[in-house]
Amino acid sequence: MNTFGNKFKITISGSSHGKTVGVDIDGCPAGIAITENDFSADILKRKSGKVGTTQRIESDVPQISSGISDGKTTGNTISISFENKNIRSKDYDKFNDIPRPGHADLTGKIKYKGQSDQRGGGQSSGRMTLPIVAAGVIAKKIIPDVKFSTCLIEVGGSKDFDKAVEDAIKENDSVGGIIECRISNIPIGFGEPFFDSVESMLSHIMFSIPGIKGIEFGAGFEVAKMKGSECNDVFIDTKGTTATNNAGGINGGISNGNEIVFRVVVKPTSSIGKTQRTFNFKTKEMTDLVIEGRHDTCFALRTPIIVENAAAIVLADLFLRK
Amino acid sequence: MNTFGNKFKITISGSSHGKTVGVDIDGCPAGIAITENDFSADILKRKSGKVGTTQRIESDVPQISSGISDGKTTGNTISISFENKNIRSKDYDKFNDIPRPGHADLTGKIKYKGQSDQRGGGQSSGRMTLPIVAAGVIAKKIIPDVKFSTCLIEVGGSKDFDKAVEDAIKENDSVGGIIECRISNIPIGFGEPFFDSVESMLSHIMFSIPGIKGIEFGAGFEVAKMKGSECNDVFIDTKGTTATNNAGGINGGISNGNEIVFRVVVKPTSSIGKTQRTFNFKTKEMTDLVIEGRHDTCFALRTPIIVENAAAIVLADLFLRK
Amino acid sequence: MNTFGNKFKITISGSSHGKTVGVDIDGCPAGIAITENDFSADILKRKSGKVGTTQRIESDVPQISSGISDGKTTGNTISISFENKNIRSKDYDKFNDIPRPGHADLTGKIKYKGQSDQRGGGQSSGRMTLPIVAAGVIAKKIIPDVKFSTCLIEVGGSKDFDKAVEDAIKENDSVGGIIECRISNIPIGFGEPFFDSVESMLSHIMFSIPGIKGIEFGAGFEVAKMKGSECNDVFIDTKGTTATNNAGGINGGISNGNEIVFRVVVKPTSSIGKTQRTFNFKTKEMTDLVIEGRHDTCFALRTPIIVENAAAIVLADLFLRK
Amino acid sequence: MNTFGNKFKITISGSSHGKTVGVDIDGCPAGIAITENDFSADILKRKSGKVGTTQRIESDVPQISSGISDGKTTGNTISISFENKNIRSKDYDKFNDIPRPGHADLTGKIKYKGQSDQRGGGQSSGRMTLPIVAAGVIAKKIIPDVKFSTCLIEVGGSKDFDKAVEDAIKENDSVGGIIECRISNIPIGFGEPFFDSVESMLSHIMFSIPGIKGIEFGAGFEVAKMKGSECNDVFIDTKGTTATNNAGGINGGISNGNEIVFRVVVKPTSSIGKTQRTFNFKTKEMTDLVIEGRHDTCFALRTPIIVENAAAIVLADLFLRK
């Protein structure tokens, strides 16, 4: 389903090569000041155009048709949409017979019995993350004291991002990376036991972002090597500050007042210019596939703001549920 | 909230030191043959008693009071409960003032304003995973062709489990581990784009299991080091079989017919006998804490069946949504 | 599904002739004082035993196995169950072939492919309203200032209840009635536009009560005969008090601070001793049916507390959503 | 909240005097043929312009920006919006101080702390029923065999509609009415016990339609006067046909294969030109109020298609849940 959240409920719509992509937000409180300018900074961070990102450049101007009046939210559904202008659908025709490795061409075709619009990745496209970013801008307004810091900490296994990306470009290949999100100034008590823990809700939305294949909180997979006495974060003051933060700011699924820290891994972009040897479902033979459409060499460069705003959506929802 | 799922909806109840723990399952189809014996094997896998697990041994006999009649499900809510018998609540009194590092004592106390029953970890206790295992037994009956294989692949950073556990016991400390779950014979098409992807739903429930701090699918965090040409799983036949399985059987959030593979990391048990230097919220000074209650040196030894049955719950739900 | 509510979420389980009936409540705040005695008065109101009600008399003692500790709610799922003791299942065998008119025997059989437990009306039985009453007792504690007054205003088309019931008993027949519920001391602002209006939520739960066939708010069906100038409730003071209350205390789906008033109609009990000429699905011929099981001549006599507590469930949920 | 449904989930947006009104539909299966022409007939039925309806006439052309491609649904969210063009917001200024009797001016103002856009009735306006009609057009395509017949059976207490409306116009007053909806060719088994009965779901959405104050199924409130032997619908053949239909086609909350029949009552339009004596919250005195904006003398004339399509939304949802 295209709907997420409990009190701050978002429904995304559109597809990569449809007329628009958009989001409806149901449950935003009334009286929050928002203008279309508020979206600019975050949308710009997601935008392509830099080295290693796609040549499909969209203006990405938000159209708000409901829920904001005289510069404030009204308590009604907020509807935001973005036009798709820069589309080249002919690029996508052959993938019906030769589904692209790593993409949802095959699974989407079978699940939707050939009726889904898979052009540009259809509904599984990175384009669908634009509404997520927009909804996150609103979410941040609901929890204005919470601070987010999100950045790419590794690309293609390296800290030298430029080189990793340039190498991939030269080879007509792609690279992924690891993104770290740090959320501070968040009070004790966000999150619901048992099922709607902070980790459960954050991971749920993170894996909705195309290309995410793993998530870890605090020390993450490293805790498997620790003893309990090393892993436990002892308390040091009445505010509940901990000496270490191996738990990533979450105990028993609930925020403990320390920084929430998590990392996600983004796979290399599936679309690559380099020749791939894969299966042609029409001829029933292996074939060479060269993907010529425009695509990001490293989508991970554009992903931090998506991760951050997706996290904001979850935290605003948990805040409104408290 | 204590409710999870869409079509196969479970609500868990009880707490570690209350009268019972239990689960209500709403949405199980009528006509599925189930007897109380069907629970034995999975419940036994979760049971303590082995070296490295707690001395709190419960009989764990399921009481089914609704939803099964004459050995078959009736379409009505299935209610299963388990008595808590072997309780020593006096062990837990002092943690009000000195919240245990790594536990939810502090967050639970603040969130529930001192009203929650935190004895034995209360609602965040590992005891709450017993209803999950029971619900998973039912879930597996809904998708009988799907095969699960789940095992601990690393304990305390080592493949030599016995030694890692023995070392921790000697030091009055604890260890965690990494669990891998492989799910085969699953058709193409499980999972919903955008938000209810297979990864989103699986991670959501996995992070409900106490002590899980990370999850990765297929090649997981390793994909950050790969090129797209290495990471992409090319198709090799009409069934959609892929030459590699870096995607862990999931493309665009939907099962692609290959084995679903994921790993979770379990932190070392937070309760340790070893002295910890932490904060006393009553005296407002640092203090020594020795936790004397019964606990698992390595809860990860008992976690694989919990992970497996939690995965079964998600897949049964996604199956019924198709 | 057997689950209702958003923040105050209830799941009912059991069936008329199973071991128990019960309810799980997910979302009740921590710290509310509740004892098993609190249930007595409302459960007694629902109880049979009076003239015109069934001879199946159950002790109806609530067993609380989760969510209440030391006399207060813990924030955890509240589990309440009631044993079914006084069962005579042999009474129900023949209704497989000759489904009882007015009952769910036929629809249940087809929907659940013969697997549901239809004895005693199974899941559609009036017995399932006992958990509703119990959940309502908890709900009322969440909104202690709200006052409920609920009574039967008409039985069998008459204000003389005793005579109407006695006549029906003499004829081995049954009668229904109209129940009015008045809810006062409720502040402005309960209810959510658009879909979760007070009327929508109340009617949703009311039609879950077996035998309810209509609901009207305020002047109800009478408004069809009024002019707008008669129907509109003009305001008379700063509190929003209205001169009349044709709207039943609800404007635009939201409580307006005046008394909430609604009426529901309860059909005559479907099970009657009087001979009915109906279809035998085995012999494929019309046949005479005499229903000998124990049943209420006028279930409406026991329904007011069910209606009232169902209303309390909705209002507690809407309160927690505010 | 502005979201309704389980498998066929709709979110409505916009307000009477905002830029647009619209609906997002999440969960519509892929492959259903739909063109913008399919909406014309139902939208026309809702349109104003006839005697007794408002002079605010909108073109009501649906804009579909997502979810339909090449004339077929894609399985993605369907987004439909309608521009608001014919707006005269100055008409609504004074209602801040003098809330209109029967309207949501006061409750909306208090609930949303003065931030909601109440012009034209805001979110509680009859204009919000246009997206409902549009969503119903799609819903009907999902259950193409089901036949709907919906009509106004009484206006202002009379069968002579023209006269009742003309009288009201002359008096600057308004009238309401009763609408009957008959749904045939619907198989046994729609509806879920316990809470999501056909009656529960239908009544839930009906009371979302502004101005509905009562609903009854089959014989409705008349059953209060019947004996069980009169009220019970005896079966007469193997298909489950009943001799009478007092139950309105629903037994135990589940469709029984006979015609589903229900009636709703629509109150007289609250906005009337006739002088009303009501409270001025600014001056704190009673005052005369004359409402000069454009409004329907009898909104009930336009309501049948809204009722019908709202019913279709419920039935499509229940169908997809089966």
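In order of appearance the chains are A, B, C and D, and numbering begins at 1 in each one.
Assume a residue touches a chain if its C-beta (ideal position, glycine included) is under 8 Å from a C-beta of that chain, and two chains touch if they have at least 3 such contacts.
In this text the structure is predicted, and so the values were computed from the model without any measurement.
*Asks:* Would you mind naming the chains that touch chain B and likewise touch chain D?
*Replies:* Intersection of chain B and chain D contact lists gives A, C.
*Asks:* Looking at C-D and B-C, which pair shares more C-beta contacts?
*Replies:* Of C-D and B-C, more C-beta pairs in contact link C-D.
*Asks:* Whole-Å distance, chain B centre to chain C centre, using C-alpha means?
*Replies:* 38
*Asks:* Centroid from C-alpha atoms only, then distance chain C to chain D, rounded to Å. What do you get?
*Replies:* Distance between chain centres, rounded to whole Å: 26 Å.
*Asks:* Any chance you could list the residues of chain B touching two or more other chains?
*Replies:* 1-3, 12, 111, 123
*Asks:* For the complex, give me every residue of chain D touching chain C.
*Replies:* 1-4, 12, 99, 101-104, 106-108, 110-111, 121, 123-124, 128, 154-157, 168, 171, 173-178, 188-189, 192-197, 199-201, 203-208, 210, 212-221, 223-238, 240, 242, 246-248, 251-256, 265-272, 274, 276-279, 281, 284, 286
*Asks:* For the complex, give me every residue of chain C touching chain B.
*Replies:* Listed in rising order, the residues of chain C that touch chain B are 1-3, 9, 11-15, 18-22, 24, 26-27, 30-31, 65-67, 69, 72-79, 81, 111-117, 122-123.
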